[in-house]
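Below are two complexes that have subunit A in common, paired first with subunit B and then with subunit C.
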Partner chain A sequence: MAATFENPADLEEREQMALSTLLKRLGDDEFVLAERYTEWQVRAPSLESDLALANNAQDELGHARLWYDVLEDLGFKERSLVFEREPSDFRHSTLVELPFEEGNWADPILRSYLYDVAEELRLEALEDSTHPKIADRVRKIQSEERYHLEHAQSWMERLADGDEGHERLQDVLDRLFPHALTLFEPVDSDVEADIVDLGLRDATLEELREEWLSVIVPYLESLDLEIPEIDQTDDDKLEVAVDQEMLPDERGRDGGHTDAWFDLYDEFTRTYRELGRSETTKIMEKPNEQ
Partner chain B sequence: MSSDISETDATPCAYTDYRKGEQANSLTETGDDATGLEAAVWNTLYEIEDPEMPISIVDLGLLYGVSVQDGVAHVEMTLTYSGCPARDMLTEQVEEAVAAVEGVKDIELQLVWSPEWTTERVTEQGKEDLREFGLSV
Partner chain C sequence: MNVGAVKERAGPREFSPADDLPQEYREAATRMIEFHANSEIMGAYLERPFIRQAPSIDRKLAFSAKVQDEIGHGQLLYRAAESLGVKTREEMLDDLANGDGKFLNCFHYPLKSWVEVPMISFFVDGAAMRRQATLRRTSWEPYAHAMDKVCFEEGFHVKHGEDILKELMTGSQKEQQMTQEAFEEWWPRIIQFFGPTDDDSTHHDFASSVGLKQKSNDDLRNAFLDQYIPKAEKYGLEIPDEPRIRERDDGTYKVEEGDLDWDEFFTIAKNEYEPGVGQINGRKHAQEAVQWVRDTIETDTTAASGHAPQAAD
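For the complex of A and B:
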């Protein structure tokens, strides 16, 4: 049967699972990346760069919310998706959860670049989604994302231009690259196949990864950065064999996370827990309801 | 003023076919044709201002559609920015105001995101309000 995502209540279990998995991948990446970006507030190298990254963080929070909104159709609530969720249920890539190397501005910049290229590609693959609410959101997000890539690339080029900046970028690339590959790892391979079969997204993870590599590899090379463990057998054709050994032990998508994630989770849920909150968006009751 | 060049001699390009078209922002829903209860809902929406600027949310172009069926008002609107911190404040304000319209039993508000909001959606009245506020639009 042709699945219709107009009425979430009519969805079969397989469709619900595919939908919720896709949305958690999308929403969790955005949410956790925003959490990390905000650590740079008042610490970035200049006032402008501080505001730019803080603004990108706010964009990502807005996008996380757009995806979580669609999850709410399946019966989730914002609090159960964020503040009351088991940390191991989050499906983000480990790229977004890693702590920044202290004071190393090349880290958020390169991370943003690797992530934003991947995001651009996966949004393209969602433009014709069979789920009307997903398709409805894509263009809005794309229009707000364009600046992110521009921001990351203009900084990459500045950093790569000097010896120290170049060295820092290379160190960060060596450290982040295996984690960036987890962006394309499956939550569960059967469910991932369903996501494509049901037309929720029209590219497989492998296709997205290939496309991503075909964008980032030439760009990084143009800045004289070496991509770790990538064999290029043919000058004209990019031959990148990604094997499991290149991936980190924790892949994020499958619920396995680095210790840093559990620390971050404790930190952002602390106030909610300590104040005994049960609503996410209400600071206080309205005066006339007290 | 030194430049006093009159533009009255300007002629349209001979190679272009000129026709009277619709206004650029005519896609913006403002409820001009609405009647009855729907008109009452539009009037109420007109009174709600953006949280940061003295402009009606209707003139700002946030509304995508209003319909009332069996006393239930269906309102489709967007926000200028997905990360809008005033989202709940604004949607709650809309829900409360519309629910208070006489004859409306319930309201279903849906946030929609395409076509995405741009400044093109601001009506002429809205542009005037924004200019008066000091923005260049």
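For the complex of A and C:
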């Protein structure tokens, strides 16, 4: 099976669908998260934190570029993936598209924490992917993501230490947590099963979610933050049966998005539409040639 | 050292925090570097929305990096200004928020569309490059040192700006026309970038006599015109009729200063031009919204006796 993904032209429809679905999940999450992070440029609490968040934004954008580039093997182009795609065809989790309340620094920090833990686990599950390009790119991305997690945790601890910071973190957690759960929602359950069956990723979404909870729950509790609606059973095993009712109405993965996403989409496609563009400019070499 | 001794010794990178410098020098240098640092911040503030509006992922990445670089330049420059012992960074940033801090004329105008982006990132940044290159020989060593890094990075920004201009001017008729219109709107402002003619410049004489300023406004402006008029024409931009520009016998250019709107320029210089006031207040508002975080950090670092975690910056 390992050989099948070596040559994208030979893929059957089922394999193509599994591959493109996986890559869109990955690329769209990174792209949209980066869009939101850039909003903090020139608006962060200090010049130093401004520089740090700008770094994260560029890292995530670079990762989106890496994943979209693998999609180009399947005949996609940047214009069809980003600037001309219908907004309802984007597959990112709603966690990354939600807008910030102005000045609420606890939001990008907590959002980054919830996302980066999931990202770390997801990348681990891709390390031995049967698609050699995916396995290869995971390594590059991992080195950068580790720093993001460190950055988020360091800020979490400082904010949780003060009354106002703690209160804000709790409010943001209440608001973001249901959306963070959509990170593990399926685009389509048959296709998600294929992703694992074909060895593209070696953990199911349920397994990733369980691992994610086992990391974030004790950590958030150590900062005296309460996780909404998660019960812990007697034997210290986390109650992870995520009730459908805990999920938000819009789950992103299935194409359902919050209103904020459509506004964001209008903004980032604005120039492309106004100038009547039909191509996107590349100024950097393709990832493989770097 | 008194002012006379400073004037006598004044040379490139001559003075450092180790020197005992007169208040007049310290204040003049602070004013100049603070203006420069503020301009980096307000330039970044103006450009940030175009990270989102950039029409490709690569352009978006490059533009995010540029805005980040400018914040980095601001950081470096405030440090160079702080080292004069006149004002702290906090005071300078507060003054910028409350409307007392001064910054470049071009960053008081709104930036509405992508076609205007190269007006800043090619022409204004190109003009800035010319001035900054001369400041590598300024007499305040920390300022000159900051200029080494700033000039290096600014070179990439100008190249990227030039590439954006070239793309627009080789694009559709519509793109070319929109870019020409943006150029006509921005051209007089760009020429005013270098400030009033030397005869009307308030601070020129002293700054020049103590080696802070290396070239006069007029010299810089003329050198810019010599270099950028041919570049604009090369990309198919037509130079507007006004302000009138005279070509000298040797092929160099000179602008008819009287054709420029100096009332507007001096309104801007007082931070009283309406769109600029909107931008100052917009940034102030954003800064106030995160004041609670700065308060938290301050308490935190005091309590932990300066042991702030490295990753949290």
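Keep in mind that, in the parts below, the second predicted complex is superposed on the first by the 277 of 290 C-alpha atoms of A that agree within 3 Å, B and C clash if a C-alpha of one lies under 4 Å from a C-alpha of the other, contacts with A are read in each partner's own complex, and residues count from 1 in each chain.
Keep in mind that, in the parts below, a residue touches a chain if its C-beta (ideal position, glycine included) is under 8 Å from a C-beta of that chain, and two chains touch if they have at least 3 such contacts.
The shown structure was predicted, so the numbers you read here are calculated from the model rather than taken from an experiment.
In this overlay on subunit A, subunit B fits alongside subunit C without clashing.
Residue contacts after overlaying the shared chain place A:R277 against subunit C, while subunit B stays out of touching range.
Applying the stated contact rule after C-alpha superposition, one finds that A:L66 touches subunit B and leaves subunit C untouched.
By the touch criterion stated above, A:V215 is placed in contact with neither subunit B nor subunit C.
In the superposition on chain A, A:R137 contacts subunit B only, with no contact to subunit C.
The superposed three-chain arrangement places the nearest Cα atoms of subunit B and subunit C 5 Å from each other. With the contact threshold set out at the top, residues 58, 61-62, 65, 281 of subunit A are in contact with subunit B in one structure and with subunit C in the other.
Those residues of subunit C that touch subunit A in the complex are listed here as 41, 44-45, 48, 51-62, 64-65, 67-68, 71-72, 74-75, 78, 113-115, 160, 163, 167, 171-172, 174-175, 178, 283, 285-297, 299-300, 309-313.
By the touch criterion stated above, subunit A contacts subunit C in their complex at residues 31, 35, 38-39, 41-52, 54-55, 57-58, 61-62, 64-65, 68, 78, 82-83, 102-105, 147, 150-151, 153-155, 157-159, 161-162, 164-165, 168, 267-268, 270-272, 274-277, 280-284.
Every residue of subunit A that touches subunit B in the complex is listed here, in rising order: 58-63, 65-66, 69, 135-141, 143-144, 281.
Those residues of subunit B that touch subunit A in the shared complex are 81-84, 87-88, 111-116.
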